[in-house]
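What follows is a set of structures for review.
Two complexes follow with chain A in common, the first pairing it with chain B and the second with chain C.
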Partner chain A sequence: MSWMLRLLFLAVSLSPAALLMAWDADLSWPLIEGVRLSLTLTPLAGFFLVLLALVAPLIALPMLRRPSDVPSLVLFVLLLIGMQLLLLAGDFVSFFIGWEVMTWSSYLLLLRSPRTDMVTSQSYILFNLASAFLLLAGILVFYSVTGDFLIRAATEVSRPQALSLVVLFGLAFLIKAGTLPLHIWIPRSYDQAPDLFSAFLSGSISKMGVYGLILLLTLFPDALTGFAGRFLNGPAVGYLLAWVGVITSIVATFKAISQEDMKRLLAYSSIAQVGYITTAIGVGSSLALAGALYLALVHTLVKVLLFISVAGIVLQTGQRRFNDLGRLIERMPISFFGVLIGIIGLAGMPPLPGFAAKYLVFVSLVDARWLLLLAAMILASTAAFIYCYKLVYAPFLGHANSPEAREAREAPWPYLVPQVILMGLLVLFGLFPGLAIDVLIDPVLVGLQMAPIGSESWAKLSTAYGGYDGVVLMLVFGTAFALVTGLFLLLRGRMRRAGSPHDLSFAGEVPTAETPLHYGAGMGRELRRIPLVGWILRQGTQGFYLGLAGQMRAAAALLGTLYVGRPQTWILIAVVVFALSLAVQAMMGGL
Partner chain B sequence: MHAVVDSLAMIAVSYVMGFLFYGFYRQLNARVQRRWGPSIWQNFFDNMKFFFKSETLTHGPMFFFGPMIIMAGAFTTVLFVPFLKDSDWLQGFSQYGNLILIIYLLVVGPLGNALAVGSSGNPFGVMGVTRGLTRLMGLEVPFFLGLALVMLQHETTSVHAIMAAQDGLANWGLVTNPIAFCVILLPFIASQNGSPFDVVGAPVEVYAGPRVEFGGRLLGVLMTQNMMMSIAKLVLVVDLFMGGATNILVLIGKAFALFLLTTVVSMVFPRLKTEQAVDFFWKVPLGLGVLAVILTVWLPSWSA
Partner chain C sequence: MTLPLTPVWFVALPLLLAFASPLWVRLRLLMPLLVGTPAALLLLAFVLLPEVRTAPLLETIVIAPPLGIHLQLDSASWILVALISFAGLLTNAFIWLADGEPYLRDRRAFVFLLLLIAGCNGMVLTGDLFNLYVFLEIAGVSAYALSALRRDASALEAGLKYLIIGSVAAVFFLFSVVLVYLQTGQLNLAAIAVGFGEIPGPMQILIGLLMLVGLGIKAELFPFNFWVPDIYQGSHPAVAGLYSGLLVKVFLFVLFHLVFLLLADPKVVGIWLMGLGAATMLIAEVVALRQEDLRRMLAYSSLGQIGLITLALGFGVEATTAGGLFHMVNHTLVKLLLFLTAAVLLRSFVSAQLADLAGAGRARPLAAALFVLGALAVMGLPPLSGFASKLWILKGFAEAGVFWPVALILLAALIEAGYYFRWIKVLYDPSVQLQAVHPVGRLAYAPMAVAAGLIILLGVAPFLVDALFSEGAQALLDRGATLTAVLGAGS
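Right, the complex of A and B next:
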């Protein structure tokens, strides 16, 4: 492929950024009688366009590495165009076209991987088509109620109409976001998709479900409170949605811990993170939405970083299972830092921005007085430490467990440049937690007619419940670290490096090269002994669907008993019922 | 300048309190078991002995930096917990932080050290880390729920504001929100690595604990941070439930009272396995927490 084509591809990957800079007007033209198409950039769509603009070139760069797969590049371009159309859509027709282009191009991209099997591709397309058709049904109901396709607050709808709209749209977007039990297409497809495309699937495409859910709130300004009133200090319907989100996070987190494959672990972790976002959307207050948007931002940066790092490892070693890796820290130091920064952000540790996002969500839950939800969310987010540790320990620390891991070299530069940029962005947002609030999130909240969070300075995150200063935190930690290390090195005595990696304190034994010393995939297995965790891990979503199918079959069998047997009986009964109803009507004076 | 002196003072106070409290613990524990026990200064002597070891074994750069990260984490945690109220001194940088930040800071250091443990290549060390993280997963749920009850009660996450609201014995968190204190008490003991939740790094479990590979000065660092971190946690609970302290003597008194309470609980019960501990946290303290939420949050809102 010539360098012209490559340059063109890179230019297209920058198109979301260009669009963001250049867009300053609304386009609108009539399609057919009574239906107008319109393209406009709302602040909410702008936020998600920023995410896309950040991520697209960073994933495009390593995709260009030779030998590159031309159909993949074309499909990626198509996907980017579809997503931009989706975000710009001011009416549901363009929204649906964008959604479909995204669905199909991502499906075909998924098929470009040699690892994709039949089950994966089928579940991907089935769930995503279900999502698209639910969306289409919702759009048609919306049109029949309001009389046009413009995306705007539907104030004139009655309650049953609104309910059906919320259910149709809600299901469509929840499938895309992958909440329980609609998530089973995610782990397979994130795992088997081309390694770099997994980053895009998790980082960007899952965010379109989040965009849809927030958009749904703008369609029905009182959707959350309107249906069932309030529970404590928040909307009652949102309480249900929030529990769906939290249960998704808990189950997905424990599933993630029990995975033996890096990309599958990341896929489950992605489900869990989007679960937090769903929870925050359920709370629905301005604090919570700020938290949801912040989480979306952090999750995008972190997951793209982690998936690209993992793609680098897979590229260099050909291994993706925790058991087959180890001790890459010395061979792939930059990838190690990529994963390290990634998991710090993923775990929500201060001082990286994951903490700012979690802080906003926690505070919003306290503000809504939904403390049990808060406790459940803490469970998911603390359990996440275990899989985060597994993700950094099994590939990078311990002992190399395969010849490839022993001889791997650092990933090529097209993989490293995006990692370094993403690390830089994460540290930047961590130092200045108010930056994302001020520049990215407050405009969205103002656009949604909610109270902005505001920030005195970029260094500070401030809420009515208190806040923190990212710069001071980082300075204190950095100074303490420098001080401690300096003082330590000043102490008398010398440091000696262990003679060999097997020079270990090993319960009185002397380990050799044959001793299995890598904890790898076994980590987290003992968690099954905890009754609750064991119970969760024994349940499978597949079981849920099989059970559902079984119930359907039983119901059908029950219904089927009506048709078997002697037809004369049924005809007789039908005649009798008909005659009886006629008689009743006659007696009531109806005839 | 004030900030520098103040920070150094906080670090010194937490270190001195740390080794004295633990020295006392060893002595008391010995007396309960009808031994004489070591002197109250023994922890200080042990710590110094480690620091002046002539040789320290490492397993590479990450192994070396782990203890540095955990120590820096301990310093940062200490500096973000206000030790006194209505005072310019022993405040550190606490006005730039909040309660949730402190809870997370408590974990930053141990996770940094977990990298060092992994880097050592000893599977038993990693097993210890996994046990520690599992226990953390168990204890954090009721612990945070109890703290959330306090945050809700005062409608703030600022430790300063919570402390300021408790003027006088009648307004202590212990009196106004006793059930929250009961919810956090046992998880708090676990977070202090106290028996019966001390399977991570208990003396007989050293060979399957995070510290198995550390020796010499690095072990000294780990011991120091442990003592300082314990004091930071004690002071935090004093701030939240016992009205804080206006001077250093009151602070030591209150922290010591709390330490005695946790110690006597620790001395009575035998050690639990990790999964037993987690299951216990999710049944008893969490059950109590759920009850507390129903009683103090749900019922008032329904009757209103």
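Right, the complex of A and C next:
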């Protein structure tokens, strides 16, 4: 492929950024009679456009590595166009067009991976189309209520109409976001998608479900409280949504811990993170929405960083299972730091901005007095430490468990540049937690007519329930890190190093070559023996959906027997139907 | 002598050229004329368009009063006539350019293809019930013959089956024509429409049922469409594309034309037709899930779309009718594209079975890409043309506050996605290295590219044509205006 085309591709990947800079007017043109498309940029959409503008070029860069796959590039461009249309939509028709273009172009991109199997591709497209068609049904109900397709608060909605709107839109967006029990398409597709595209799926496309959920709140002025009143200090309907989110995160976290494959682990972790965001949206207060947006920002940065690092490892070693990796810290140091920074952000530990985001959500739960939810969420986010640790330990530390891992080299520069940029951004937002609030989140809250969070200075995150200073925190952690690292390096020379993994033996057992010596090996198996956790891990919705598919095929077989190949039967049926309808008419009307 | 540009040419030109075929063989003009005739008709349609949009064109050729041939070209039938010419043009161009099966390129095929066009045009244009029957038989007989052109068992079987079921349909229809004539003494549609209300109720029902069974078999509605997959599978895919893209649309149009013209209050019949449409759509889409042959799968998918169009037209509101007419056009474009793709794949790999086409995407990338485009359009995914028409239909239902068809249409689209995406996945199966057996010339892709281009164009800019379909819907629904136009203001 020529340089011109590659440059063009990069330019297109920068288009969300350009759009963000240059957009200043509204566009509108007719589609068919009575349907006008209109494009406008709301603050809420602007926030998600910022996320897209950050991510798109960072993923486009490694995609350009030779030998490049031209259809993938074309599809990626279509996908970007669809997502920008979706975000700029001022009416539901353009929103739906963008949504659908995103759906089918991402499906075709998924097919570019040689690992995608039939079940994965079918579940991906069917779940996403079900989401799209639910959305379309909701749009049509909305249209019949308001008389046009503009996205705006619907006043004068009767209760059943509002209920059907909330159910249709809510289900559509929850499928896209991937909450339980509608998540089943996510682990398979994130796992089997082309490695770089997984980053985009998790980082950007899943955020569109989040965008939709927040948009749904804006459709009804008193969205959550309007239905069933308040529960404790928050909206009662939101309480339900919040539990959906929290249960999603708990289950997905334990599933993530038990995974043996890097990409599958990240996929479940992604489900868990979107679960937190769903919880925050359920709370619905200004603090909670700030937390949701902050989480969305951090999750986008972290997941893109982690997926690109993992893509680099897979590219260099060809392995994606933990048991086949190890000891890459010396061979792939930059990727190591990418994953390290990534998991600190993912786990929501200070000093990185994941902490600020989770802090806001926790505070909003306290504010709503939903303490049981708070406890459940803390359980999930603590358990998340285990898989985070596994993610950095298993590939990078310990012994190299495959020849590829022993000979791997650092990922090529198109993979490293995005990682370095993302690490820089994470550190930046960690140093200045107020920056994201001030520049990105408060304008959205103001646009939604909610109280802004505000911050005294960029370094500080402050809420009514207290806050912290990012610079100080970073200095403390940085000093501690430097001290520990320095001590380790000083003492390192005195440590004895094992010559080979097989030197190790204990209690009379000498491991053979087949014994998995990996620290994380069998971690999931042991997890299943814990009473409650084991029960959770054994449950699954796959059986239900496979059963549904089986029923459909059985119905197809049954109805297919009608279409026999004998003309006499066709004529017989026609005559019988004719005679029967005549007889029925005769009985009813007295022929 | 100047030749006046009148609607008569839509029937006369293909008839004349078909019967003079020995001459064209001698002059080696067979293939150019095969493509040129529909092209000329399409041109004629566009020349007549401004006139049609101001007032319907009426043409009466009196044989001996009251016997005569009435032709009526209004905004609704213009859409169909243009569609017939365009579909004929694309298919014939494919037959010429693909340089494939010799049995499609000889004199007999030439005659039948042109007769099919003439018959379809006649059915759409005629304002006379008996002529309608005659044209129905012309189109029918040429369709049976086209099925059986290939000299092998499956094609002959398809042709014979088609002949049997088609004749039964024609007999049902003929009975209804006879009864109408006995009751009203008229054969002119407008005159019958005036007198139809005075026929006793039970007789109305009998006539209606006879017509429904006759046209229902031809238009492939649910309890009468069991013959469809066999015929589509046995015929050459390009010919099957004509059945699905052109012939069925014409019969559907005739059915609804009669319903809206003859009945002063089509509401009740409309609801029955909507029920039939919904059943056709859902059952066909479900059955298609298990099809392993590309042609059979496309046949069921075609039935599903026919059901959707019936559902939309049966509702009888301007928005759904306009959307339904638009969907007819879109579905014709899409099904032509898909069936021509099937023809290319069938020739390349000798088989149209799912298992034999695994990995065809790399051996025939262009054909597979066009298949994907067609599949996306048939499911109504934006920004392709199927979306605009489906949105129009759904919007019409939503405006009226009727949501059960919306739910069924969306459910059917989801089931449809279940099998189309299965085929797409198999076409791009990475684990199989498939080699094409027979070459396919580049030129064969030209008609498909035209159809694909139109699908994209109409999807991105449907506002170019939406006025045509609104006017068409008004013309189809406005019974009074038609009657006044034909019988004069006094009637």
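Operating definition for what follows: the second predicted complex is superposed on the first by the 495 of 591 C-alpha atoms of A that agree within 3 Å, B and C clash if a C-alpha of one lies under 4 Å from a C-alpha of the other, contacts with A are read in each partner's own complex, and residues count from 1 in each chain.
Following the convention adopted for this analysis, a contact is a pair of C-beta atoms (placed from the backbone, for glycine too) under 8 Å apart; a residue touches a chain by one contact, two chains touch by 3 or more.
Just so it is clear, the structure is predicted and the values come from calculations on it, not from any experiment.
*Asks:* Of the two partners chain B and chain C, which one touches more residues belonging to chain A?
*Replies:* B
*Asks:* Looking at A:Q122 after the superposition, I want to know if it touches chain B, chain C, both of them or none. Which is it: first, second, both, neither?
*Replies:* Only chain C; A:Q122 stays clear of chain B.
*Asks:* First (chain B), second (chain C), both or neither: which does A:V577 touch?
*Replies:* Only chain C; A:V577 stays clear of chain B.
*Asks:* Does the superposition put A:Y389 against chain B (first), chain C (second), both, or neither?
*Replies:* first
*Asks:* Taking the superposition on A as described, I'd like to know which of chain B and chain C A:L490 touches: first, second, both or neither.
*Replies:* Neither partner.
*Asks:* Between chain B and chain C, whom does A:A22 touch in the aligned arrangement: first, second, both, or neither?
*Replies:* Neither: A:A22 stays clear of chain B and chain C.
*Asks:* Does the superposition put A:M4 against chain B (first), chain C (second), both, or neither?
*Replies:* neither
*Asks:* Considering each complex separately, which residues of chain A are in contact with chain B in the first and with chain C in the second?
*Replies:* Chain A residues touching both partners: none found.
*Asks:* Flag every residue of chain C that touches chain A in the complex, lowest number first.
*Replies:* Going by the criterion above, the answer is residues 161, 164-165, 168, 172, 201-202, 205-206, 209-210, 213, 217, 223-224, 226-230, 283, 286-290, 319, 322, 372, 376, 379, 381-383, 387-388, 391-392, 394-395, 397-399, 401, 403, 406-407, 410-411, 413-415, 417-418, 421-422, 424-426, 428, 430-431, 462-463, 466-467, 470.
*Asks:* Please name which positions on chain A make contact with chain C in the complex.
*Replies:* Touch residues, chain A against chain C: 29-35, 93, 96-97, 100-101, 103-104, 107-108, 111, 114, 116, 118, 121-122, 125-126, 129-130, 133, 136-137, 140-141, 143-144, 552-553, 555-557, 559-560, 562-565, 567, 569-571, 573-574, 577-578, 581-582, 585-586, 589, 591.
*Asks:* Which bits of chain A are touching chain B when the two form their complex?
*Replies:* Touching chain B from chain A are residues 232-233, 327, 329-330, 340, 347-350, 355, 359, 362-363, 365-366, 369, 371-372, 374-375, 378-379, 382-383, 385-386, 389, 392-393, 396-399, 465-469, 472-473, 476-477, 480-481, 483-485, 488, 491-498, 501, 503-507, 516-519, 523-524, 526-527, 529-532.
*Asks:* For the complex, which residues does chain B have touching chain A?
*Replies:* Residue positions touching the partner: 51-60, 62, 64-65, 68-69, 71-73, 75-76, 79-80, 93, 96-101, 104-105, 107-108, 111, 114-115, 118-124, 126-127, 129-130, 133-134, 136-138, 140-142, 144-145, 148-149, 151-152, 155-158, 161, 207, 212-213, 216-217, 221, 274-275, 278-279, 282, 286, 289-290, 293, 297-298, 301.
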